[in-house]
Each structure stands twice: as structure tokens, then as C-alpha cells.
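A, B and C are the chain letters, set down in written order, and residue numbers restart from 1 in every chain.
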Amino acid sequence: TSDNKVNDLFQDVHVMIFIGFGFLMTFLKRYGFSSVGINLLLAAFGLQWGLLLQNIWHMHDGKIRVSIEKMINADFSTATVLISFGAVLGKTSPVQLLIMTLLEITIFCINEHLVVEVLNVSDVGASMTIHAFGAYFGLAVAGVLYRPGLRNGHENEVSVYHSDLFAMIGTVYLWMFWPSFNSAIAEPGDPQLRAVINTYFSLAACALAAYATSSLVEKKGKLDMVHIQNATLAGGVAVGTCADMDIQPFGAMAIGITAGVISTVGFKFLTPILASKLGIQDTCGVHNLHGMPGILGGLAGILAAALGKKAGVSPGYQACGLASSLGFALVGGLITGLIMKIPFWGQPPDQNCFDDSIFWEVRQKKIDMLMLFCNARTCSQLFLMLRKMSCS
Amino acid sequence: TSDNKVNDLFQDVHVMIFIGFGFLMTFLKRYGFSSVGINLLLAAFGLQWGLLLQNIWHMHDGKIRVSIEKMINADFSTATVLISFGAVLGKTSPVQLLIMTLLEITIFCINEHLVVEVLNVSDVGASMTIHAFGAYFGLAVAGVLYRPGLRNGHENEVSVYHSDLFAMIGTVYLWMFWPSFNSAIAEPGDPQLRAVINTYFSLAACALAAYATSSLVEKKGKLDMVHIQNATLAGGVAVGTCADMDIQPFGAMAIGITAGVISTVGFKFLTPILASKLGIQDTCGVHNLHGMPGILGGLAGILAAALGKKAGVSPGYQACGLASSLGFALVGGLITGLIMKIPFWGQPPDQNCFDDSIFWEVRQKKIDMLMLFCNARTCSQLFLMLRKMSCS
Amino acid sequence: TSDNKVNDLFQDVHVMIFIGFGFLMTFLKRYGFSSVGINLLLAAFGLQWGLLLQNIWHMHDGKIRVSIEKMINADFSTATVLISFGAVLGKTSPVQLLIMTLLEITIFCINEHLVVEVLNVSDVGASMTIHAFGAYFGLAVAGVLYRPGLRNGHENEVSVYHSDLFAMIGTVYLWMFWPSFNSAIAEPGDPQLRAVINTYFSLAACALAAYATSSLVEKKGKLDMVHIQNATLAGGVAVGTCADMDIQPFGAMAIGITAGVISTVGFKFLTPILASKLGIQDTCGVHNLHGMPGILGGLAGILAAALGKKAGVSPGYQACGLASSLGFALVGGLITGLIMKIPFWGQPPDQNCFDDSIFWEVRQKKIDMLMLFCNARTCSQLFLMLRKMSCS
């Protein structure tokens, strides 16, 4: 029975990694091939590397014993890389990203071993060790790779109608399967069931908060696709640390609502400031989806530990776990960023950023040429001209 | 074991609610954000409201005990809203729809309690209590919100090539996971297995019937995407009531074929009549996918009960269950429609119907402007003009 | 427990058949409706026909006992048809394809009975009996239906940006769930777990090999979407026969890497030669994804049997299984192709190939007209003209 359960959870986490993360990043109009394709490459590479690193210390007769649980943990280790990928999306080459995968998973394994095994910190849904870690690692890399040439944006760093719909495939899969992510390594039985239900409540409350906040901060009460694609998921991130604790639906929903609000507000107000003041260009806004909600999750865990919501968990050690994750992420990200900056990894020049065609054979160009020449002004001129011609 | 099983079924139903219903409605060319996005909003809101309503009567020490079974039932309650959403798609504001969610789930819970608990009606796949109920509720609302200005259609009430493909994601997921929907609350063991297999047969037969009928009623034997997206699923709706009864594959396939035929014929001939004669503008054709097949399911249940296909089920009570579901739907829908008609819920004006940009920030407009000015006639003129110019 | 497990595997295989195969073939710019829609039609028809054929010999009191295992086997039998569909995609009518389904599943059942039941060949993931069989059957049909008029390609036989992204939905689902495909009919317990893990390793290694090879054979080290969509999956095909054998991760990865390399090289160099020299126009390149990797899987099985990696399996019989599958496929495909060539099944003329609008109502034509007239040259002329006009 437990074997089946684990198998299901593995399948759900697998879908989140490959479909969820992959399609969530397809929102850019000319970067869908890379989003799904490089996501597949990094995940396929990362899970082998993660499986090796996580188990090389526990060999039996010179062999690693592979199990579904270990495959789930390998999938988890790739999640950190895919989060960081979001921060540097469109501005890095596949080779740079493979190097990042190699280094980030290594540092993740050290930090996770320290936090979970040595310090005995409780982080079942990995708000700290995966989400906050992956986000701040990626932001540190993005800071090192700062491109002054993109200060005023890039014409390709926008979505089109259908690319936003593709991204919603990723969002909805992540939203649906997040309860599996947060419960996958929970203790079977009540704690696991509690992790499922807390995550479900947090996500449901977070989704409503994200819609409400998006409508409040936008002109005329409109909704913004970027907020819906991302901030609706922040509740899953933020409830991660507490998911298996006895926080009750009220606690889960309070965490979810807070996460939905700060995530949406972050997209609207903080991301532009990070880019202009701190020189951190965060393409997917991972700071809002994984960074701040990850810290919120860590803080909620400290509070829940202080309130005795889980036996054997101490607020002090929880705080150490959060500090360690952030420290390893920032230092590791800085070092990794410096290595990635070495000029022979094929980093794309500014004008080719956010464009698949530098790394992929892209056959169709026509429609873009059309849209290029036919901006609003010329288009209406053409229209008038045509009207005149067809009347005369 | 049963716990795992229930968990799987929950996951499948969850995918149907969020991906299935959400993407099925993305077929309109300019309404994809709302289809997926508002679907997510209504479902996230509805499942909390449904969970509360369904369980507030059975509290223990002032607390609701949450279980996976209750989460399945909450998902089911949102399904009625998403069906009704299909009838009014493109013509209502998010606020109107949230009000509809609040009222419809309340009325659904009353009817379901009456039909299933009090009258002991057998409706395992909910042909009557979810599908027929949701459809006629939505049609009643659509009737109250009738817009004479859309009598001759709307330029945005059409699909484009890729929007039809997005909708097929919804169709295929609903088709694949419908056996889980119809068996989710069946008695474990043989009845549950029977519900899976009967639904599978009904859907397979229905799909063939829908293709054949679509080809027969269209010019030159072509297939129509609208039929394939919807009528292939009618077999899942119609076999719902009988799914756990001993109707044999032959019975299931007969139900599936009938559903596929009447659903396709409904799309072709009945929907235009409903709009022009009765003033019911049914955007997604929920009458054909959920309404008529739901009634067919109820009638098949009466017949199966009369033939003794399930112990302890009486044809009379089954008929009462159908009548009650239709009655609550129509009366509830009329009242809800009147409340939704109150003019300060932000209902969009006629010219902004079926257009995301009234409720969403839509960045890309260029391509539409192009397509707007370049209709077939001006386009060919432009072409001729160009040829002349480039020759001279 | 075993019941749940089987149910999960059925659901996963179902997703591969309907979403995986369906969307994988949507890469053509004007053939998405047919790819997903006809895939659904053939699969819904095929699973009924397969279920009947596979069980008509084992009736109890004149009735077939349906179980989830039998539904998995029926899904498997349709997989052969969907593979062959890929070879003739865009060049056949729905009626032709229904005839192919009828004949191919019949021949598949005979071959499978012979290979698995009579010869006791081990082929748990069906590299030989499904993949190689389906591919060479389809190639034989494509050879018989050779169209000299398409020797120089067809303007619609290309992808556009978003159609390639739709195809990636298919790729990623196939990639994720392939472990379920290869383990679905394995003996429960260790062999089944081994099949999952071997497939996982083979796919992960194959994906890296496909990316590396694609970058090596393309100009400027770019990646080609066609390779990524297909060759990343070849490892799942090739490890099929050996999946439940004791080949160790090293063996699985060696098979995966070989498959990824030969598949990519096949797309780049072999497919054009097959079309020009042998008159076999293989639209989806099934020879590279299912044909060669299927044979590789058969050969790996012979080798593994010779090395004693599974008890009771003989290399000689394994070789007979491969030969039988190829023989039945080629002869069966030739005969089926000749029957499909009879001129009254509505085969589309050359100019209407790869175009949905011959079998589907396609409403939107505008954008194509635009793109048609506005090719690169006229477009720039128009641009210059406009500039002049707006300046003067």
C-alpha cells in the first residue's frame, strides 16, 4: 500500500517538475522552446546528478540502491535548479545552465543534509530548503549576470495571448498537484493526510487573495495574467514548512492569504525596484513566487514550532534552518554566478536575449516580420491608404 | 488501500475540474484568459464554500472533520457551477459569477441532500444532480440575462485555430478521467469497478457516434470541432446514474451512442433555435453536453431501476430525483439570474462580450488589429495593388 | 493493493495514448485538429476492437469478463495503430485510417499471441510487438501509398511556433509516463519496480544524448525541435524488452544513450533518404522514434537473454520474436496499404495533404491569407512603400 502511495506521489511530483515548471515559463512570446525544452534538459540531467550525490554516501557493496523515494528526492533537487532558471530565463545559454545545475544541486545537497539531517529541522514541503534556497540562489546569479543593456526592458520580454495560455497549463498543474509535493516525504498516515489538506486549504485561500489583490492594484480593477499565473501558487510554497504540523485549516488559510497578497504586491511593486535599484533582473519573478513566500513559510514554521504544533521541533533550530538555506543560497549563487560569467559558455548578447532562435532552429519568422512592421501607427496609415484607394 | 484509491480518484476529479472544464471553454478566440482563469477562481472559491455547506451540519466539537472524500464532494459541488458558467460564458463579470457560485452551490446542496439522502435516489455519476442540474440552472440564468443585441452573433464569439486546440486539451482530459468521476463515490469493490468499466464503454461508443453524426450533419461529410470537443463526452454524462448498476457493456454502449447522437444533433439544430426562439443564448452548448444527456441519464436510471439492475432502487424515486433536480435548477436559476441582473455587478456591455480585455490586462493587440483591417476583400485588393506596384 | 496499482498504471497509459500520442502529432501547422481528433477517434474505436479480439477466445458463458488489465491490453493494441498513423499523417482520410485500425489490430493480436503466448518471448515494454511492429507496419503502408507529387515537400508540411509547443505537451507526457507503460504488464513486485527504474534511467540518459546529438548535427550547435520532441523518447522504446530484466542502471543508460543518438541521426540523415530513395514518406519519423529503437530493444533483449539477465528467457526465442514482429508488420502493412489504396476511401489529393480543412470545418482563414501574400519579399516592399508614402 505504502508502495503504491509513494508511486502516485512520485508521478504527481514528476508532472509538476516537467509540465508544471516547464510550461509556467512559456509565457514569453519567443522563448517557449527554451522554457519547455531546456527545462526538460536540466531536469533530466539534474535528477541523475541529484540521485548520485544524495546516495553516493550510502552505498551497499559499491552499489546505490534505487527506490521510488530516492527518485522523489532527486526530482526535488532538480526543483531548486528550475526555480533559479526562472530568475535568469532568457539571458543564459544551455551550457551556463548545465554548469548551474551541477553546482546548485551540489550546494543544495550540502545545505539539505545540514538542515534536515544534522539540525533536525522540520521542512516537509521544503519552503526553506527548496523554494527560498532556489529563489535566492537564482537571484544571486541574476545579480552577478546583471545586464545594463536590458535596463529599459527588451522587446521580446513580453507575452502574447497564446503564450500566456500555455503558461496557464503550468500554473494549473502546479496548483492541482502541490498537495502531493508538500506531502510526498511526510510520514505516512495522519501527518501525510494533514499535509495534503493544509496545502489544499492554503492554495484555495491564496488563489482568492491573489485575484482580489491583482484586481486592487491594477487599473480599473482588471486582473493581470502574471499575477494569476504565479501568485495563486504562493500559498503552496508558504505552507510547505508547516504542512504536516497541526496548524488547522484556519492557520493554513491565513498563511495562504498572506502569501497571495505579498506575492501579488511583489510582482507589481518590488520586481521593478529590484531590477532598477539592485540590478537584479528576475525574469519570472521567482522572488515573489518562491523567495518571499519561502521565507514566510520558514517564519510560519518557527512560529508553529514555538506554539508546539509539532512534537520535537524547536523554533531555534527552525530559524537556523532558514538562515542556513538563505546563506548557502546567496553565497552559492554568487560563486556560481561568477563561474557562469566566464566568457566562453556562449552567453547570448543582449539583443538576442529572450529569443529561441539563438539556440533553436526556428522555422517560422513570417508572422513576426508582419507584426514588426505593422505597429499601431503604420497599420492605421495602411488602413486609411487602403480605404482611399478602394474608394477612388 | 481504500485510502490510496480515494486519493487517486480525488486527483483525477481535481484534474477534470481545473484542467478539463477550464480548457474546454478556451475555444473562443479572445476569451481564453477568462475561461481558464475565472474557472480557477470559481473552483477555488466554490470548493471552500461547498466544503463548509456540506459539513456544517455534521460538526464534532465545533469542528469540521476534513477528509479526502469530503474534498471530492466539494469538487463535485463546484462542477455544477462550472457547467452553468459554460452557458453564460463571455457575458458575465467575475463578480456576477461569484454570486452565482454562492447561490448555486447552496441550492445544489439542498437538492442533493433531498435526492440522495432523503429520497435515497441512486445517482452515482450525478447525471441528474450535477449535470442536468448545472445545465438547466445555467440555461435559466442565461434566459434571464438574455441580450437582444447579440441576436445576430458577435464577432468575438468564434474560435481560432489554436484556441480550438487548447479546448481539445480540456476535452481529452475530461474523456480520459470520466471513469474516475463516475466511480469516485461508488461503493468500493465490484460496484466501483463496474462504474469504471461502464463509463469507459459508454464513452468509447459515444465518441464513435459523435464522429459519425458530426460527419452526417455537416456539409461534404466534414467534422465540426465543436461537436468533437463536446459530444464525445456526452456518454460520460449519460451513463452517470446507471454507472454502478448491472447494465452490461451493451447497456452502457447503447446509452453512449444515444448520447453522442442527440448531443451532436443538439449542437447543430437545437442551440440556434434555443437562442432565436426562446432567448436562451447558450455559449458553450451546455444543453447539449450536460442538459439532454443528463436527462437521458436520469431516464436510463429509471428504466434500469424498473428492470431491477440495482438492488434497493425504485423507478418512482428515481423519477422524483430527476424532477427535483430539474425543478430546483430552473427555479434556482431564475432567482439567481434575477439577482445577477441587478445592474451594479459590472456586467459587460454587448460590444465587450467574449473579450478578455474588459477584465484582464491584455498586452498584445497588434495581431488583432491586423486581422481586423485585413478581411478577405481588402486583403485581396492589397495583394493586387502590391502586384501592380511591384511590376510597374 | 494490486488492484489500485493496476488502476494507476491504466490511467497513465490512457494519458499516453490520448494526450501523448495525440499532441505529439500536432506539430504540423495546419493539421492539429486531425492529429488530436483522429487520434481520439482511432483510439476509441481501436480499444473496443482490441478488447473484443483479445478476449473473444476466452469467453465465459458467452460473455467476456472485462477487467482493468484487459483495458490496459486494449490500450496497448491501439498504440500500434497510433504509431502507424504517424507514418501516414496528413496523407490519408479518416475512413482509410479506420480500415487500417481494423486490420492492424487484428494482425497485432495474431503476432502478439504467437510471440508472447506460443514462443514465450519476454517483451514487457513491447519494444518488438508494439513499437517495431507499429513502425514497420506504418512504413509499409506509407510505401504503398507513396505520392510522387510530394517528392519536393509540401508547403503545409512544416511547423509553426505554437504548433511545436503543442507537440511538446505530447512529448513531455510520454516522457513522464513511459515508466508506467513499460511496467504496466510486468509481474508485480521487484520486476515491476525494476521496469519503472530501468525505464527512468534509460529516458534520462536518452534525453541528454538527444540534446547533445541534435546540437552536434545542426548548424552552429543549435537544437532542432523535431529531435527534442521525438528522440528524447527513444530510450523508453529501446529499453522496453529488457525493462524487467536485471540489466542494472548502467545497462539501461547504455541502451538509452544509443537510442537517443541513432534516433536523432535518423531524423537528420535517414528520413530524407527513405523518402527520396525508397519512396517511404514518413511524416512523423516513426522509423526514428519507434522503428530503429524498437529493433535496438529487441537486440538488447537477445543480448540480455544470452547473458542470463532474466530466468527462463532464451536468446533464440527472443530473436524469433523480433523476426516475427518485423515479418508480420511488413507483410501486414503491405496488404493493408494495398486495401487502403482502393480509390473510394476518400484519400485526399496531393494539394490538400497536411490540411485540416479537407476533413474539418475550419473557420479561420484570414491569418493564413495574410501570411500567404506577405512573404519576405513582398513584405519588405510593402514596408518600403509604406515608408515612402508616409514620408511624402
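Keep in mind that, in the parts below, a residue touches a chain if its C-beta (ideal position, glycine included) is under 8 Å from a C-beta of that chain, and two chains touch if they have at least 3 such contacts.
Note that the structure is predicted; figures quoted are calculated from it, not measured.
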Q: Nearest 5 degrees is plenty: how much rotation brings the CA atoms of chain B onto those of chain C?
A: 120
Q.
Over half shared numbers or under half: where do the identical copies chain A and chain B land at their interface, same or different?
A. different
Q: Provide the C-alpha centroid distance between chain A and chain B, rounded to the nearest whole angstrom.
A: 32
Q: Please list all residues of chain A that touch 2 or more other chains.
A: 1, 4, 8, 162, 169, 367, 370, 382
Q: Could you please specify the touching residues of chain C with respect to chain B in the complex?
A: 1, 3-4, 7-8, 11, 14-15, 18-19, 22-23, 26, 30, 32-33, 36-37, 40-41, 44-45, 47-48, 64, 66-68, 71, 94, 162, 166, 169, 359-367, 369-370, 373, 378, 381-382, 385
Q | Partner chain B, residues of chain A touching it in the complex | A | 1, 4-5, 8, 12, 29, 158-162, 164-165, 168-169, 171-173, 175-177, 180, 193, 196-197, 200-201, 203-205, 207-208, 211, 218, 222-225, 228, 232, 249, 367, 370-371, 374-376, 379, 382-383, 386, 389-390
